[in-house]
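The structures come next, written out as structure tokens.
In the two assemblies presented below, chain A is common to both, partnered first by chain B and then by chain C.
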Partner chain A sequence: MSVGTGALGRRRVLPAPVTGQEFVLVGVIALLWVALAVSTPAFLTAGSIQPLLVATAPVALVGVGMTIVIVTGGIDVSVGGAIMVCSVLTAKALVEAEVNLGVAVLLSVAVGGVLGLVNGVLIAYGRVHAIIITFGTANLFMFLGLRIFGSGTVNGIPGTLAFFGRGPDGRTLGVPHAFGITVLITAAAWWYLRHTAGGRHFFAIGGDAQAARLAGVRVQRRVLLAYLITGLLVGLASCFVIAQGTSTLDQSVGSGKELAVIAAVVIGGTSIMGGRGSVLGTLLGALLVQSVASGVTQLGWRSQLSDLFVGLFIIVAVGADLLRARARRNR
Partner chain B sequence: MRSRLALVIAVATTAALAVSGCTKKNDDSASGSGDKKTYKVAFVPKLQGVPYFEAMNAGGKAAAAALGNVEWLYQGPTQADAAAQADIVRSYIQQKVDALIVAPNDPDSMAPLLQQAKDAGIHVATADTDAPTSVREVFVNQATAEGIGQGLTDSLLKAMGGKGKYAIVSCGQTAENLNSWIKVQQAYTKEKYPDTTIVDVVYAGEDQAKATQMATDLMNAHPDLTGLVGECTSSAPGVAQAVKDAGKIGKVFTVGLGTPQAMKPYLTDKSSSAAILWDVENLGYLTAWAGAQIAEGKQFQATNKVSDKLNGITYDASSKMLLLGPALQITDQNVDQFNY
Partner chain C sequence: MTTATAVTAASTGNAGARVLRVLLTQRIALLAVLIVAVVITFFVQDAGGYLTAPYDFDYMSASLINAVPLAMLGLAELLVILSGRGGIDLSVGAIVSLAGMIFGFAYGEWGWPLWAAIVLTALFGALLGAVNGFLVSYIGFPALIATLATYYAYKSLAIVINNQEPISTPPIQKLFSISESVELPLFGQYVPDVPLGIFTFLLPTVVAVWLLLARTTYGRRLYAIGTNDVAARWSGLPVRDTRFKAYVYAGVLSGLVAVVTVGQFASARPDAGVSGNGMALPAITIAVLGGVAITGGIGRVSGVVLATLLIVWLNAGILLAFVGNEGSQYQLLALGAVLVFAALLNGLTNRRYGGTA
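On to the complex of A and B.
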């Protein structure tokens, strides 16, 4: 089953469990939080950190799937449209069929899975680059979502999903459920990507798909799986999105989320060229972006400054990745 | 099997595109050439599919049915995007409608297009949001900036007890109408409520979750904050939700520019004290009527009787502006009168 990871080779084959980029991110976030705590006394309080973690969760969760996709050398720009479809269907089910929490989550995850499968099949077997396919499906999903909205908002969404929300029902022992679940899934994905043969295959494909195929990796199946996982996570994240919104869902839901997710992945140190990356970094990237946004608001700075900072982070992260790649080549 | 599946999806997609293309063509060729002259009045909203503009559309349709000589056309972009809106405006210019009314996403970039429409012999107007530098013949205004800004301030300060600190969560940073209301709120608050300060104005775009998070951050940054304003239909429920989630109902008061059905749960649980709006269906009705007037080449009077419900609509000749009337205050008492 396992491909070339004998007890002897393991230490050399696997990269370090925590990369340099992740240390840097932890440092930057710590620095930022300390600076914010000093300048606005209310920042490091439960009432401020808990909502921040809740807001981080959907981007970080979809980011886990997006990291796997980008590691294989692909990309998925349809997640915003997919979030729209999942959340409008789920919101309608909550309002019209009054489904309970479990059914709502299952429905949303199932719908997300189907959408992910569509992407996966087209990309794995259609042999067109992922950005083209997902750009196409992004528009199809948006069309579908708008049709389901049917020229109106979904009003009067009940508090069924408050379990994932910002309010007191959304946390246990002070930990917001949405963030806790995201951390657990990230940890599981980290272990899977690092310590199973199947997980390593994603990296092999992103490094060199042809070589991976010759080494016996079922490339198409793996690629399909990457988009399927992303779809399933989009389904769960859509429940978080509904829970964080208001009792009304409008058609702006999901809009621009694909860029927020890709930004978190890239800032987290995953190489946009594929072959290298870590879900841990993505979680930290999402946390950094949300901390900056909250910090800018709490400091009373102009709202657009958070866009500036996120832009700078992306450029620095990609620049660092390119420098690392050059250093490796020259070695 | 696999390639067949891909093929089926590809074919289905193409077919869907082809069908939607055909529909457009049919609209094109259907020209109103009856015995009696009917005027094509086209309205391009900022964004299609939101309750606000759909309610305007319903009002426009009602006016067309009542007037008898108007064909009401309605199409807008699916996202509040100036470029997508410009494409729709161009297509109406191509179709040679009689009157073209726009609620511009970007007033400055819309101005040359309206000039182009005028050159093509089309009567042009704006509604909901003005393009003041353009050649539009009339602006159908829902309420004056003073009416809205003062309405928001008065209802918030009434809930806050006449003094305190509050913040504003706005939406698009370049939205002309939102910014003009904020200016009024700032000036009016300073003048009428001297013990009140506006601590911050933040911009959340059209994103509800972002508006909610920003409102949460504002409450954390200013522990003595007792008021929040949601300046548009996505941030009005957003600020109320933030107050509710933080368990601060009764401590932090909110008002906002929200549509009635979206605000209803928050008005009921008191996380929102009031929503300020106007009768949107009537605005649509007035828009269609104004379109018919300019298409027929009629002049507006100082006060106009539009329908039995819309009597005494004032027209200001110097600013070429029709005014729907004073702003409407929606509370838990009257929210059920509106079905949008």
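On to the complex of A and C.
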């Protein structure tokens, strides 16, 4: 992350548009894909890459919100529970009320927004550490989700959401809609975080909340907004999750997703201490994690082995960042 | 517990205000009152015939078996969170899974004597904890990240190590006696039978951790580095070494929990500590509920133990109050509500009385 000089010799205020971590990630993903293509020829075909991109979408999408939350110095471990609530409600609406695509998406996003608002209000105005509140709300959301499930699964979900699925209905010109939408939202978030005052405020809060307040940032509202955005994205991601599955939704939906999302964000180079991060990195991080999972399966290894690689990637990604930070300090 | 009630309490007299202050600032007192309230509530419900089975002292005593892993992991989180700088251990559940498999191999397949297998499991837990401690303390990883990474790694290894198969050979199955209840000697016929695991694992652990924190130099150092890392370093304390050891001890405790869990299931299951919601989240919840400050340096063994009793007896009652699996769902509600409540209360206490939680 080099600090460039502008035309007038002033130091650039904004960080570079693409960070070193992102270049490295692109390189690692490229290497991985080449290696997988060499060992299993079936990997670099549309039939293999398209499902990979579809599977990346929900984690990357929630990761965009999580990036903003972590940039403000917070964290949200309740997204797994929130995905459960949104997807089971939406699935029930699809089965019982036979709502159409638009209504289903709106419903899911609205529910996600409400859940995000609950987190945001408690964290921004309760002045309690985010991890504790979201551990608590994670339990509450899971309770809600399980209550809506009743006992058993939601069966016979119609194909209304096929637009986001892996089938031929879910693609335009070969690009899966779910992944395309995720890329568009990531790009919008990238521009918002980098080029608007509101976006920069998130970084200011994560850098030093007290200083941000003194500089006139309305810290509590910004923090609230970060969790609200995450909630809305969780709602949309839940639609992707339903679309990817079969016509049955079981009670394990969303379980463990919070850690998968945090892993993607961290591998993408966002600092867990707040104040520094990028949604592009998160998208690449999610893509890397999913590529590993897909690669492990295609190589015929035990699928749980991919978690070991996720753990190693986190260590390497964050370790490299720590070493760079140390080098910067010593310069 | 709003400001309105605080004002009323103050106006009705000094005694009321003092009681409120004690309840808000002394987490132990609050937990004790809550435990009594929970137990009385369920006794009343029981007398009214609203429960599906009797909620009596025998039932409360039998349910204590659930307190063994919960309290021990809560104490592990206590040590790690105390060490400060955002200390937390998300990997305890994964350590329980992986160390449990090692215990399964040693005791169930290699035919080691029980004590040797337990020592090996504890040492293996220490090794896994040492990886966390090394990353956090010597390399400088944020604890959340390091233990998230090792959570994934250990979880994956535990499943791969025995091809996803549980180990349940005859010696392992006989271990189930750990969770059976025994009659206490001397006055045993007058009190309910108590699960054996309480005496073999929980009480020794509680005493050991209490001695470590309250009666050793190491304990004082741990509080010191958790309260103020920089001040501790300038006082010449071995900050890195102290923090490193906190993660190692947490690993040892997780290793011992692995033995208990294998006994409870009568089988070494590769997903023992990470299935469903995992073991780390409840353990962190217990620690926070017990008054451990997530910022480090504040927290006591007695708080963790009382918080465990509260949750265990609350959960045991909820199981009887609902039919079928609704009970386990309402346990989530109770855990979440209690945690949010405790966290908001901590915030309120800090603002009202200034930092003594």
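One rule holds in what follows: the second predicted complex is superposed on the first by the 315 of 331 C-alpha atoms of A that agree within 3 Å, B and C clash if a C-alpha of one lies under 4 Å from a C-alpha of the other, contacts with A are read in each partner's own complex, and residues count from 1 in each chain.
Methods note: a residue touches a chain if its C-beta (ideal position, glycine included) is under 8 Å from a C-beta of that chain, and two chains touch if they have at least 3 such contacts.
Keep in mind that this is a model prediction, so the values were computed, not measured.
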Point to revise | Room on chain A for both chain B and chain C (clash or fit) | key: clash
Practice item. Kindly classify A:S151 by the partners it touches after superposition: chain B alone (first), chain C alone (second), both, or neither? Key: both
Review point. For A:Q304, is the partner it touches chain B (first), chain C (second), both, or none of the two (neither)?
Key: both
Exercise for review: Could you look at A:M273 and tell me whether it touches chain B, chain C, both or neither (first, second, both, neither)?
Suggested key: second
Exercise for review: Could you look at A:L284 and tell me whether it touches chain B, chain C, both or neither (first, second, both, neither)?
Suggested key: neither
Exercise for review: Check whether A:M142 is in contact with chain B, with chain C, with both or with neither, and answer first, second, both or neither.
Suggested key: both
Check your understanding: Is A:L312 contacted by the first partner chain B, the second partner chain C, both or neither?
Key -> second
Practice item. For A:G165, decide between first (touching chain B), second (touching chain C), both and neither. Key: first
Practice item. Using the superposition on chain A described above, determine whether A:G245 touches chain B (first), chain C (second), both, or neither. Key: first
Review point. Just chain B (first), just chain C (second), both, or neither: which does A:T45 touch?
Key: first
Review point. Superposition on A: which chain C stretch among 55-63, 73-81, 289-297 or 343-351 collides with chain B?
Key: 55-63
Point to revise | Doubly contacted residues of chain A, that is, touched by chain B and again by chain C | key: 122, 126, 136, 140, 142, 146, 151, 255, 304
Study note, to complete from the structure: The residues of chain C that touch chain A in their complex are 88, 90, 135, 139-142, 144-146, 148-157, 159-160, 163-164, 276-277, 281, 284-285, 288, 294-295, 324-325, 329-330, 332-333, 335-337, 339-340, 343-344, 346-347, 351
Practice item. Would you tell me which residues of chain A are touching chain C in their complex? Key: 75, 122, 126-129, 131-133, 135-143, 146-147, 151, 255, 259, 262-263, 266, 272-273, 302, 304-308, 310-312, 314-315, 318-319, 322, 326
Revision key, fill the gap. Per the touch rule above, chain B residues touching chain A in the complex are 2-3, 5-6, 9, 13, 48-51, 54, 78-79, 173, 199-200, 202-210, 212-214, 216-221, 223, 233-234, 237-238, 240-242, 244-247, 261-262, 264-266
Study note, to complete from the structure: Listed in rising order, chain A residues that touch chain B in their complex are 40, 42-43, 45, 47-48, 51-52, 55, 118, 121-122, 125-126, 136, 140, 142, 146, 149, 151-153, 155-156, 165-168, 241, 244-253, 255-256, 293-294, 297-300, 303-304
